[in-house]
Amino acid sequence: MTTFSRPAGRAADALRPVKITRGFTIHAEGSVLIEFGATRVLCTASVEEKVPPHKRGSGEGWVTAEYGMLPRATHTRGDREAARGKQSGRTQEIQRLIGRSLRSVFDLKKLGERTIVLDCDVLQADGGTRTAAITGAFIAAQDAVDTLLASGKLSATPIVGPVAAISVGIVEGTPLLDLEYVEDVACDTDMNVVMTGAGHYVEVQGTAEGAAFTRAEMDELLRLADKGIRELVLLQAAALKLP
Amino acid sequence: MTTFSRPAGRAADALRPVKITRGFTIHAEGSVLIEFGATRVLCTASVEEKVPPHKRGSGEGWVTAEYGMLPRATHTRGDREAARGKQSGRTQEIQRLIGRSLRSVFDLKKLGERTIVLDCDVLQADGGTRTAAITGAFIAAQDAVDTLLASGKLSATPIVGPVAAISVGIVEGTPLLDLEYVEDVACDTDMNVVMTGAGHYVEVQGTAEGAAFTRAEMDELLRLADKGIRELVLLQAAALKLP
Amino acid sequence: MTTFSRPAGRAADALRPVKITRGFTIHAEGSVLIEFGATRVLCTASVEEKVPPHKRGSGEGWVTAEYGMLPRATHTRGDREAARGKQSGRTQEIQRLIGRSLRSVFDLKKLGERTIVLDCDVLQADGGTRTAAITGAFIAAQDAVDTLLASGKLSATPIVGPVAAISVGIVEGTPLLDLEYVEDVACDTDMNVVMTGAGHYVEVQGTAEGAAFTRAEMDELLRLADKGIRELVLLQAAALKLP
Amino acid sequence: MTTFSRPAGRAADALRPVKITRGFTIHAEGSVLIEFGATRVLCTASVEEKVPPHKRGSGEGWVTAEYGMLPRATHTRGDREAARGKQSGRTQEIQRLIGRSLRSVFDLKKLGERTIVLDCDVLQADGGTRTAAITGAFIAAQDAVDTLLASGKLSATPIVGPVAAISVGIVEGTPLLDLEYVEDVACDTDMNVVMTGAGHYVEVQGTAEGAAFTRAEMDELLRLADKGIRELVLLQAAALKLP
Amino acid sequence: MTTFSRPAGRAADALRPVKITRGFTIHAEGSVLIEFGATRVLCTASVEEKVPPHKRGSGEGWVTAEYGMLPRATHTRGDREAARGKQSGRTQEIQRLIGRSLRSVFDLKKLGERTIVLDCDVLQADGGTRTAAITGAFIAAQDAVDTLLASGKLSATPIVGPVAAISVGIVEGTPLLDLEYVEDVACDTDMNVVMTGAGHYVEVQGTAEGAAFTRAEMDELLRLADKGIRELVLLQAAALKLP
Amino acid sequence: MTTFSRPAGRAADALRPVKITRGFTIHAEGSVLIEFGATRVLCTASVEEKVPPHKRGSGEGWVTAEYGMLPRATHTRGDREAARGKQSGRTQEIQRLIGRSLRSVFDLKKLGERTIVLDCDVLQADGGTRTAAITGAFIAAQDAVDTLLASGKLSATPIVGPVAAISVGIVEGTPLLDLEYVEDVACDTDMNVVMTGAGHYVEVQGTAEGAAFTRAEMDELLRLADKGIRELVLLQAAALKLP
């Protein structure tokens, strides 16, 4: 089997350069620009002292997410969803995924009756925007929680551990970690994996775009995802140790 | 480890009784009522001699799906999406999944410039509606294709093989096949698996509702799904052999 | 005057075979599949312990209806209203008619501050869906009220008597009872009549699709409707006597 | 039986004063302000040299209507439908009724492939807005057709005769012609009747708001409507004879 | 410099004939038909004993406006915004302008916790509809306030003085007061000016449709606007003195 | 008259520090991050080889703009317009202003039948977002035009000169240039001025938020705006000279 040759000579099991900028904007309780190569997502965490109806009076909080893409984040301009008057199915699917992923590492009882809203807006897209969004949103959420702890609104953290996400896929028969755009459009199978710092699965979403994939292929994809997420969790930790 | 006791004494790796009724309604080219226990989904396949804009002039066809749930298919009445004026994110997610799953077994070139629309409407819900929908939609699609072959509009089938889907999950530590509603609400992990007749994966969507799940748990869930789908593919074949 | 020859040799003043299946689905307080020939409508009655704003604090209840048609209930597939994002004028007109018709036999004071929602969903259409819906919704409503009486939530029935509906029309000069689809598209005049068990009018909606109709024609149409509704009221009563 | 005492000492079978002002606005091909007592509806007819999709290439024209009510046409201000983002079910029902009524007196083949749009906007409401709208829209349509004839775009009129409409109802047991608002809210039965100049029915829509109505009551209502419409048709003719 | 020759020989600094009809409709607390030449706008003021959320409990009232145009108020029929399902950007811009302009002459504290809604509906358009709307809405608002004073709901007027508006523009190099439609479409610069009775600016909105305009041109436009508004304020006062 | 003391000791007639970053994102034909102090707007220019319906076949091009604000660009999180399903009146007003402003410096004939779409997305808001957007959009548009010239799609520039915009206002009686957020909420009068490089007006939009403003105040505001725009035009020119 010959292997697919990746742009910039990247190894099949290598992440793109990841860059994490905390405090990217000034108003949000947490604001992180995360870059996976040319993919750039701005993740802000906003604390709101209210909860949605299904949590009112429960003593529990809520964590939710919204996702958007600037019209010209992509090669050709896409419609502005606000102008079209509705969010696409893809957008809703992604923001639901981000919300579930972040809730998986929150103890909502300890959060108290407040909401953390994670806004993930793609400034520039080059593949892997949803996984970058989850990985960055965790850092923004941690910053927002630290703000609540510092202000005395919380006495103990509701976060039980880190969460990160990465895409894997099979291009021309070669399993690859962290697909960029040209790989994403060429791939037969695309899988997004969300894992905790402890190495357990939060979400696994694999789709055969072309041919269906075998169990052996899935095992190799999961191995790559595991490697990638271990590295991302270390990068998250490093970013959070900065002042 | 003690095992969770299932309703009706069902074994952990047993499907609910599956019932397939072809020709449930008279107008559609394919019309199948599929029942997984108390879950009942009406799947119709409609042939339209046109394609969406992105396929026009391509010589290729298209296969797409829409999903709906009657307001009182569930324990408590849900909003009618037509009255609310939009489909929920959940609905869109499901219909996109059904569409992708069915397209995975179609050779769109052989279909010619026409569309098969699969409408999956839940008359009664008791867990597993999306996997029942995929399994039933395949039969409806096969009936619609047979109609096209019989009328001479197609000379060879565009269907490359069967596709079926099943849910698996972990309830109180026990991996289970084909979750019904009371199990679905109690489960820690919920996974929907779509596979071809050849035993390859089309979609794997696993979500940790509670605790994240381990690799060992995922392996057991995939084993159960594999067993369930082998049985469903046999049931599909049996149903299609009936006059 | 030669008379129009009806499909299946049906007499001008004959109903199609009517079939009523109570308990068609398991969750709703009332669930009735009603069939007028090939027309099949699922009518469910849901009890909700709340009322719309204009009835809050009034001590009175409310009865309302929603109507829908599965996309492939018809010869050619229609748009899914949930996907289009709005209900058509026709749908709204029909559901308003069903709601008014059912309210005409309810003493809302005796219902107490709760709502009965009647969902009428057409699984298969062959003309007369709105009149089948009203006729079936009455039975579903009766079942829901019986549930409330059995549970002690109501001590006396708020239903003052039966209500049923039928279509009549003039096809090629011949007045006909209970139009089926091929008659409906060919008719000059189409009239829907809703009557109480006492033989009084709740709604009369006559429309000249082609030539305007005379008073003599209207008189004959009303006579046919009267006959049909007497029969439907007996069929309702028979169905409700079954266990 | 004592009779209900009408405002201004009006007889049970008397119309309110009707006033018809042609050319009320300057841009439309037909523009009529019609007043039934304090009810005032502006009806404009606009000619558009195109037809909706279902008539394209048919050689036939189309006649359609839209209905609106200014927010403060009524005693208390109603929502502006444009601001709410959708037309109510009532509005759609009325504009469909107006459209059908006007089409009943048009030979669409003779109209040619063009559309006449009738906009009926209620400036002031005091009961009977839909029947005033139909009665006024006919005059506006006639003016628009005369414009087409005068310009040579049409060589023969596509209008086959007049159409007019009136409401009737039963208030405190008394059948009344042409209900005004205080009567409309008090009535048990409300019926809108649309008739041609030849005295044939185009639409009959009777609704029991309170008690169901008997056949004898219906006969009396139809008699009143017949009388009212004969008068309206004369008033239409008189108005159209003015320069 | 030659001057542009205006329709009807109007002088460059002359208003069109202005006609103000109070009490044009009967239900509203204030109802004014204002005409600037062929432009006719119906302005109603409705008093509602409630305030929007941002004013609840503040002790202050609110003044707001909505604007609409009948579909055939213009030369060619425009879409009905209620049917399209949304208000255009132009409509929203205008109604926000009218609302701000009217609030500029209200002391909201003195109004108490109630709302005055100004509905400005264009029956016939010939340029300058928004400025006619503001000028007429002031009179309707004054009538509504007088109603509140007369009923004892208010003991002192919350209105601090008059407000009026006019358009000015440059057509073929000539600055003109009060543009009518044919001038509006031909103009290089269009400016709407809203001023108080004291001669101060509430809004100035100037737009270069063609060539950008100089400071000298702006000065001349402001001079014309000042002249026009002085005249309009006198006309408002005269109209309000009528019984 | 005492003067209002500005944050950071800024002089009444001083701009905030302006920073212009070209090529901020990689996909758009023009991509500019413009900062006025803490206000940061990403302006992208996208070239599309098509025009809107009203320009088809005209040989002319079109320039249009869309505006958005990320939900947490502001002190408290705002609704995401895509999730709400519509753009606010404010958003539409602003994007219409940006579009008109940019078209004022384009010769649409020379652009040919193509469209330049300017997307102005506010990443961080601190007052003056619309004027920053116009000023930055001009640079993005120039970059897009240079791309068209370089590729040979255009042989001569359709841009006739620069355009820039600034806000001015009166706070506590002091006229100020370039209001930041705390000044904006405190101001009595707020004016946005758009001017060409030649010093002529494209748009002047002045609003009295509190007291109406005098002619003398307007003159002072226009003087400040003139000064500010001269400086901005120099900054644009400097930014465009960079490689």
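The first chain written gets the first letter, and so on, giving A, B, C, D, E and F; residue counts start at 1 in each chain.
The rule is short, and it goes like this: a residue touches a chain if its C-beta (ideal position, glycine included) is under 8 Å from a C-beta of that chain, and two chains touch if they have at least 3 such contacts.
For clarity, every value in this text was computed on a predicted model and none was experimentally measured.
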Touching both chain D and chain E (chains): none
Smallest count of steps, each to a touching chain, taking chain C to chain E: 2
Chain pair equivalent in interface to D-E, over half of contacts matched, among A-F, C-D or A-B: A-F
Remotest chain, chain B as reference, centres from CA atoms: E
Shared interface numbering between chain D and chain C [over half = same, under half = different]: same
Approximate Å spacing (C-alpha centroids) for the pair chain B, chain C: 33
For chain A paired with chain D, centre-to-centre distance based on mean C-alpha positions, whole Å: 59
Chain E and chain F, separation of their C-alpha mean positions in angstrom: 28
Chain centre separation (chain A, chain E; CA means) in Å: 51
Multi-partner residues of chain B (at least 2 other chains): 85-86
Ring of chains, enumerated from chain A in the sense that reaches chain B first: A, B, C, D, E, F
Residues on chain D engaged by chain E in the complex (per definition of touch): 25-28, 31, 38, 40, 42, 44, 46, 48, 66, 68, 70-77, 80-83, 85-87, 91, 117, 119, 121, 123-125
Touch list for chain A against partner chain B, complex: 86, 89-90, 92-93, 95-96, 100, 104, 191, 195-196, 198, 200-208, 211-215, 218, 222
